[in-house]
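A short write-up of the structure that comes next.
A, B and C label the chains in the order they appear, each numbered from 1.
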Amino acid sequence: MSPILEAGGFSAWFGRQPALSDITLEVVDHEILGIIGPAGSGKTTFLRSVNRLNDLAPDFRREGTIRFRQVDIYRGDVDLAVLRRKLGMVFAVPVPLPGSIYHNLMLGPRLNKTRGDRNALVEKTLQAAYLWDEVKDRLHQSAFALSGGQQQRLCLARTLMMEPDVLLLDEPCSGLDPISTAKIEEALVQLKRELTVILVTNNVMQASRVADRTAFFLQGRLIECGATRQIFVTPAEKETHEYVSGRFG
Amino acid sequence: MKRWIKFVGLGFTTLTGLACLIIVAMLVLILGNVVIHGGPRLSWEFVSGEPRAGMTEGGIFPAIFGTVALVLLMTLAVVPLGVAAAIYLHEYARQGSQLVHLVRLALHNLAGVPAIVFGMFGLGFFIKFVGSGVDRAFFRGQLTFAQPCILWAALTLAVLTLPTVVVATEEALRAVPRSYREAAYAAGATRWQVVQHVVLPQSVAGILTGTILAVSRGAGEVAPIMFTGAAYYLPYLPKKLNDQFMELGYHIYVLTTQSPDVEATKPILYATVLLLLALTFALNLVAILVRSSIRRKLRGA
Amino acid sequence: MDRPRNERLLLKGKPRIIEALLETAVRSSAFLVIAALALIFFFVAKEALPLLTSAEVHEEATLWTMLQAREGGGFVWQPASEKPKYSLPPLVVGTLKVTLVALLMAIPLAILAAIFTSEFAPQQLRELVKPAVEMLAGIPSVVIGFFALIVVATWLQEAFGFTFRLNAITAGIGLSLAVIPIVYTVAEDALSAVPQAFRDGSLALGANRWQTAWRVVLPAAMPGVFAGCVLGFGRAIGETMIVLMASGNAAMMSWNPAESFRSFSATIAAELGEVVYGSPHYHVLFFIGAFLFIITFLLNLAGHWYVGRLRARLEGKL
């Protein structure tokens, strides 16, 4: 089975500043891949390269390839809108847009003019994000009235509304309370049945709880990648060992 | 020695406070003078009636109508162009590029061009060049648009108020958080969709502010419309684009400087001034209120 | 999964036409803005050019003759007489005269007031003065001209008994009302932008508030204050309605502020309405207009460049 996503010798710079060096990595279908590493190690840069959000930065440069379903996503004729729908992203800080909860969820369908039963999809995604019970009676209230954890789950549901193939999560639980964190983690484990998840996290424990495989980034390089159990218990590289055991962070 | 310093200091501070007082007093003087002399004449008849007896009696409805029509046309022209330019500057252009520099420079200078030069531009470009071109192309050379009329006056004012609209719109666009845009992009929006679905809806209030300020400015400028379409007395209201029109500011100018009997027309004159001032201030006040309610909402969210 | 199918799913499909049209409109609007400024200059200059090139116009006036005194002495601007006389110096003197009077009044008042609101005034007073100045800025210049002509001129006449009821002092007072808000706003911004650390440092060294304002804050804000003066100067030179209404419109060659005068912009405003299209008089007026445009353009450029340098210095790039 070919991997759903693979990076081949991928390097990236912002202006003169190197951000990623020669990343070669595979993501298997229907897995949760955790990406761990200290701040500044390039985890977020890598994630944002996968959905080409880095293109928004005027001084972004890259070399190497990233293939989604064997298609090089950096080809000139790739439809960015379609790419970003198939690889949906949830940001570190919840970004509810002004408007009601329902309005937020409808962002994807509005942009893509999709047909089909939207309301059924609304309930499905809110259930998947473990948010349905809390908001089902107030779908038309402002999204800003929700708590931080609820807003983040709303953002997750909003992303799911686009029916992506891959979910890209950038430290989604940073700043959230433990209950919201647990709900999101549970949601990811359930979602893995339908799609693939790449989870960037600076919380090593979260990766050990949730990820099937884990990749360790350090200063823009991929140090090691393998089954989570192996990374945590018997890492091959010294730096991996030092990081997961909390020697630095 | 110390007492002397303190004395000088007090004198200096007082001087600055006095300067403020003088400025505020000037404002109060003007407003007071206008209100006292113009107030008695304001009435429903004044606002809705026609001028009679050589501008010594009656109302100035035609001038009000002309001003409103003029400003409406101007808005139709300046708002789309100004908003589009602001969207380009903020959402599309590569920041720091030569083109952006040039556009900003052009806007800055446009804002500094003397009003009378705009009037000359209206005459030389719109009336003589575009107008005669239109006449040749559509009216077989007959004099239809190659003359002063409300269309050219409105377009001249539109060029004059363009910087106001662009600046206000850009301010509104800047206030939309980057994270909103990123969320939209990540949801698969194209650049235009980000503008249409996220940025513009959030910017409507700011654009409105800019429009109101432009309208206020346009209603008050006389020099640009003196040769491009304003008239002192017309027995008709402007109905076609190539009609001339009466206008409040221009009316004030002519009444003040060319009235055959200054004392007799003074009441009407004062009342007209009061009306124009009230209109201008009301518009500015609305713009300020809209702006501060935006600021409050931004701070709250 | 075969590659061609994946490609079809991912690659660009049919073009979004309406979006493309809208984007083209947005991009072209930027060019329209630049075009507007260029067109203004081009069309004003176009009608002014015959003064320099056309022999027909040269029979009545050339740039050279307009700067010289006529035979018999004196500079006269009388385009409507039998033998038209065009002489620029009276207009130059008139423009400078009223600008000087206006700036002499407006700049000290505006700067002092700005110092007061940014350094000394309690919050309540600040919230009274700033809106008041904004209101002053919102008064249309035709209303200021009206006020100068009807009210100020009468007062001054009763107080000083000038020979000419409308003169540079009357017009200058009116003009200063238009200039004050500009200088005040920019100066106040510049003063407020001076870091609080400067004031704190000065006070900590034992200076009192007015010493701090006069010796520390004002010098620090001087570039911005100067820029405000430049902008005010540009406004004063180009202002039309106030001068048109309150100057007396007599092109007399005199530096006496108590005498009537004519300024460049008022000349254009007063005469362009009756001039014959294409006549030498017409081209002379456009020449004056082009001249005005160039002067204010250069002043604006200087102010813009200067403020840009200021900003760069503040941000540490210079």
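Note that contacts are C-beta pairs under 8 Å (C-beta built on N, C-alpha and C of every residue); 3 or more make two chains touch, one makes a residue touch a chain.
What you see is a predicted model; the values in this text were computed from it and never measured.
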item	value
Greatest separation from subunit A - chain, by CA centre	C
Most centrally placed chain, judged by C-alpha centres	B
Subunit A and subunit B, separation of their C-alpha mean positions in angstrom	49
Centre distance in Å when subunit B and subunit C are each reduced to the mean of their C-alpha atoms	17
Geometric centre distance via CA averages, subunit C-subunit A, whole Å	55
Of all residues in subunit B, the ones touching two or more other chains	190, 193
Residue numbers of subunit C (touch at least two other chains)	none
For subunit A, residues contacting two or more additional chains	82-83
For the subunit B and subunit A complex, residues of the former touching the latter	94-95, 179-180, 182-190, 193, 197-198, 201-202, 301
List of subunit B residues in touch with subunit C within their complex	5-6, 8-10, 12-13, 15-20, 22-24, 26-27, 30, 33-34, 81, 84-85, 87-89, 92-93, 99, 102-103, 105-121, 123-125, 128-129, 159, 162, 166, 190-193, 216, 219-223, 226-227, 249-250, 252-253, 256-257, 266, 269, 273, 276-277, 280-281, 284
Interface residues, subunit C side, partner subunit B - complex	16, 19, 22-23, 25-27, 29-30, 32-34, 36-40, 43-44, 46-47, 108-110, 112-113, 115-117, 119-121, 125, 128-129, 132-136, 138-147, 149-151, 177, 180, 184, 208-211, 213-214, 231, 234-235, 237-241, 244-245, 265, 268-269, 272-273, 277, 285-286, 289, 292-293, 296-297, 299-301, 304
Partner subunit C, residues of subunit A touching it in the complex	2, 68-71, 73, 75, 77-79, 82-83, 86
Touching residues on subunit C, where the partner in the complex is subunit A	1, 3, 6-7, 9-13
